[in-house]
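Once you scroll down, you'll see the structures, which are given as structure tokens.
Below are two complexes that have subunit A in common, paired first with subunit B and then with subunit C.
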Partner chain A sequence: MAKWLSRAPRLAAVGAYRWVDERLGLGEVLGYARQKSVPLHKHSYWYYWGGVSLFFFLVQGVSGVLLLVYYRPGAEAYNSVREITFDLDFGWLIRSTHSWSSNLMILSVFIHMFSVFFMKAYRKPREFGWWSGLALLGLTLFLGFSGYLLPMDDLAYFATKVGLEIPRKLPVIGPAVVDMLRGGAEVSEVTIQRFFALHVVVLPFFFIFILGFHLWLVQRHGNAVPPSEEAVPESERHSIPFFPNFFAKDLAMWLIALNVLAILAALFPWQLGPQADTLTPAPAGIHPEWYFMSQFEVLKLFGRWFPGAAGEILGILFFTVGGLLWALIPLYDKSSQRAMRARTTTWLGYIVLVGLIGLTILGYFDLD
Partner chain B sequence: MNYPTWNFPHIGSGWVIGIIAIVHVLISHFAIGGGFYLPMAERKALREKRDDWMQVLHGHAKFFLILTAVFGAMTGIGIWFAISLANPEGTSTLIHNFVFAWAIEWVFFLVEVTAAAVYYYTWGRIPDKLHLQVGWLYAFSAWVSLFVINGILTFMLTPGPAWLQVAGTGREATAFWPAFFNPTFWPSLFLRTLVCISLAGIWALVTASRIDAFAQPKLKEEILRWSAKWLIPAYVLMPVFFAWYLYLVPGEQRTLLALGVSTIGQGTFTQVTRTVLVTIMTSATIAVIVYFLAWRNPRDFSFSHACATLFLALAATASTEQAREMLRKPYVVGGYLYSNGVRISERDKFNQEGYLAHSPWVLEAEQAAWSAAPQDTPEKKAEQIIRGELMMRGQCIACHTRDGYRSLKRLLKERDREAIDNMLKMLHEMPKDSPYRAFMPPLVGTESERAALGDYLEVMRGKPELPSGTTAAGAAPGSAAQTPTAPPTPSGGAAPAPAAPAPAQPAEPAGGAAAVPGKQ
Partner chain C sequence: MAEHEHAESGGESRLQKTRRAFVRLMLSAVGAAYAGLIAYPIYRFLGAPARRAEGMAAVTQVTVQDGERLRANEAKMFRFGTRPAMLIHHADNTWVAFDAVCTHLGCTVQFQADKQRIHCACHGGTYDMHTGRNIGGPPPKPLKAYKVEMKDGQVVVSRA
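And then the complex of A and B:
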């Protein structure tokens, strides 16, 4: 009897699995996952970052839906966030989790992008993987930007105001785009409504669609190996099954990511400043969030070097052309050999990485 | 009071100690646990005649020697420098009471370091039995150094009634043994020993993860699994000893923890509770990762997983040590010395005769000039601000910074002058129902000195940012500016004032408790 009782849960689980399997064909999916393999080499660590980015996106989705239950866009925005933060049980935790995971997601997407770049995982046949990844990065940044305004405290208000100065400087379309986003000449309650719609409906819709495409490409082409591993003879390369081996390792990384998130959310809860007062001047040293700091600094530097409209246009031109070239890398560095173009591209990657970090740091030391 | 103050901008002097100490604890506990791991693993390898194990252990011993003898010793000395600067009064108290204990600890530390060097450099050169004996000598001396330092550390939380009776009389040495074997000595010793053992396992995972799973799959599997077992004693026994430890800490501190647990939902829970939760969460994650990866899938356990596990161990160690430090607040030595270096016995004297009057850093002539200066003149105002800054340096800077960690500017930004004065009055009187009482020392000094501190704080924090609908002269009823005693939370920050149209900042993330970590 005791033996049967101890086996009962397992038998029930097996029975339930069979019932679902007969109807949905789970066995086929698992069989496919077991057949898939993931390369194992000294750079395998970088394979986790796509999964970690996905994990933070999922956290964003869950915590975002919970916030949605109580958040009221428009004139009530600030008060609703205040209630979430101070009145609702665990509201502070959900808000902190959402805010911290958005920052961690952006960070992990950046790390993922650079790891893909340095492993040259954009080469044939993975060009669309690179482009869809860049689209996801753009959407992630836009999600971060649109979400930042929603609490409508003074920091959110002025940072958004400053942040909108970047696209406003785009030639011809800049002012029109910004006016459309703001819903007027100034950041106001209408802007909150628009940002809210973008943040919870429009951007996630496109994000999920492109994410699905991106993941499908990863499944189709598998994980790329870096040039150093390509040089190793096929017989000496190693790999592990995706399921359950890599899957278990991926889950472990998710668990560690959750720990980092929980530590930040619990020890450094996201603050809520005073309600935005549009009549007061911007506080000294106001600046956009860290992920827009490099662009902000480029605009500042070009503005100093080339006074007047020329500086703004050149600044915008600098990172627009830079971004375009970055996106077109797969069309330039196509060779799978260690050719001159491959080396040049790697050096370009180092310059961009150091430039982004350097300009971001410089931005914090160069506040007005 | 008798020593200069150390103003470390932005992060505060407490965090200087904290950062060094957290690294030190992670390494020094490994130095003790690893001391048992190496001879036990070597004995197993010798019995089973496993040369492959011996090779891995040789590499591990080298890593162990470099890490513990170089970084462990350096951070240990770093703590000495840091505590002497950050809290000289507390350091002085400890040295005066435990100078011989420290001498003994240093003797064993010397034996420990020497044995570690001999153990590594005689590998394969002396008979196996003798080599193992050197290993055991290392393990024993390392653990005794923990035994001694544990007595001093636990003394700071629970010095015990016998020592407190003679504290400040010059006869403290007569209560040396009760102070050393104080109420929390034994549970703390068992807890730390368990931490040492588990850290030995975690650090060994780092070495073992580097074994090539394709070239030596069996070896990697065996060593990883054997190392993973070292975590079992801690996970089985830790809750028991932790409960024993909590049972023996003073009731006020237990209340602080319990209060924190009951207020998690509102987010106003105490910093000590937050850090305890981090400890629990990271420890649970370590258990899951070690079981599913190192134990169940040892061949796939990579160096990055080992590093991630080590990072979690660092987070667990850091949060546990921080929680332990905060549990002791508002004291550096429980029931005797406040975290800002003021002794309980000096409180009345400072209130009557003045705090600055007893400072060796204020000349008598200066003191006289301050008293004699004509009232309501710019000169008088300037002198008041200088006096106020001296008060702030003496009584606040041990735990607060001007504009960084536990920023005074941030904490005061929504308070007008009247609110600042009310706050100082409350901190001076420290009524029994004050939530600050659990983690902040009382403000001492004469009325004039407290007014000077108010003058200084008013100037330092700049223009107040009052909630809308209030004025600097008179805050709206119920606002944070009007009710300084209402908004504080157990974590020391300002909780939202429900009636205020715009809330103050939420509970200060780092808590308001003083953080002056001691020697680890």
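And then the complex of A and C:
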């Protein structure tokens, strides 16, 4: 009797699985996942970062919907975030989780992009993986920018104000696009309302579609191996099944990510500054979030070298052209047969990586 | 070593079985602990307004603003804690107050001076305007009556 009781839940679970399996063919999916394999070599570690980015995106979805329960866009925005942070049980933790996870998500997306780059995983047939990945990076940055305004404290206000003034310097389209985004000549309640629509509906909607495409491509083409591994004869290469082996490791990474996030969110609660007020001067040393710091610094440097509007336009041009070239890499470095191009591209990657990090650090020293 | 050979020659040894069961138990326990640590803050966060409402519902006494100005044969709606309530000044100069939530399915009731009754528009329930007793339609119970007192010229309503 006791034995039967202890086995009942298991039997019920097996029965339920069979019932669903007969109708949806879960077994096929699982069988496919078992067949699929992931290359095993000394750089395999870098394969986890797409999964980690996905984990943080899921955290953003859950914590974002929870914030949505109490957040009120428009004129009451600051007050509602103040309530979430100070009045509601654990509201500070949910908000802190959303903010920390957004930063960790952006960091993981960057790591993922550079690891893909150095593994040369953008080569045929994976070009669309590279392009959809860049679209996801763009959306992630835009989600970060639009979310940052929502609490409408002084930092949010000035960061958004400055952030929108920059593209406004672009000839012809700049003013039109920016004024539409901002909903008027000033950052105001109107701006919050439309950033809110972007942040919780429009951007996540596109994100999910492109993410689906991106993941489908990964399933279709499998993981690329880096050049060092390509040099190894096929028979000497190793791999592990995606399911359950790699999947279990993925979950282990997610657990580590969850722990890091929990520690940061709980021990360093996200702050809320004083309410934004147009008549209060901007606080000293104001600067953008770290992930926009390199662009900010480039604009500052170009502004010093070239007087007037030329500095800004050249700075924007520098980043736009750079980004465009970065997107076109798969059309240049197409195959391992062209060793010269492969080597040039790798060097370019180092320059971009070191350049971004260097400019970011420089940006923090260059605050006045 | 011995147990290793054992395993290779077929079925698991007893030790391996208990070890497997132990690992499974520990993993489930850790998993449950994580689930709890995530679920508890979310539960508290979502439940915060309900708890605040409970606090407000604990109110035992309310002064009805401008209640003393209410003319005879008229009613005034007010809030008792979080619930709608009704103060009636009868023609015989008696004062009564009721919880204004219909005992049927919760609509807010109204005083009908012309018909001399309390009426619920949702399904046509009626109540006695002096006692709150349910006298017609679907309501199963009378309206809860409050105690009404005049203190320093103001109308003070409290739990009976």
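Here, the second predicted complex is superposed on the first by the 366 of 368 C-alpha atoms of A that agree within 3 Å, B and C clash if a C-alpha of one lies under 4 Å from a C-alpha of the other, contacts with A are read in each partner's own complex, and residues count from 1 in each chain.
Basically, a residue touches a chain if its C-beta (ideal position, glycine included) is under 8 Å from a C-beta of that chain, and two chains touch if they have at least 3 such contacts.
Just so it is clear, the structure is predicted and the values come from calculations on it, not from any experiment.
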{"item": "Partner chain(s) touched by A:Val69 [first = subunit B, second = subunit C, both, neither]", "value": "second"}
{"item": "Which superposed partner A:Arg341 touches (first subunit B, second subunit C, both, neither)", "value": "neither"}
{"item": "Touched partner set for A:Ile256, first subunit B, second subunit C, both or neither", "value": "first"}
{"item": "Which superposed partner A:Gly91 touches (first subunit B, second subunit C, both, neither)", "value": "both"}
{"item": "Partner touching more residues of subunit A, whether subunit B or subunit C", "value": "B"}
{"item": "First, second, both or neither for A:Arg34, with subunit B first and subunit C second", "value": "neither"}
{"item": "Touching partner for A:Leu272 - first (subunit B), second (subunit C), both, neither", "value": "first"}
{"item": "Common interface positions of subunit A, toward subunit B and toward subunit C", "value": "89-91, 93, 258"}
{"item": "Of subunit C, residues touching subunit A in the complex", "value": "34, 41-42, 44-48"}
{"item": "Footprint of subunit B on subunit A - complex, ascending", "value": "44-45, 48, 82, 85-86, 89-93, 238, 240, 245, 248-249, 252-253, 255-256, 258-259, 262-263, 266-269, 271-275, 277"}
{"item": "Residues of subunit A touching subunit C in the complex", "value": "66, 69, 87-91, 93-94, 258"}
{"item": "Of subunit B, residues touching subunit A in the complex", "value": "214, 264-267, 274-275, 277-278, 281-282, 285, 288-289, 292-293, 296-297, 300, 302, 304-305, 308, 311-312, 315, 319, 465, 467-468, 495-496, 501-503, 505-507, 509-510"}
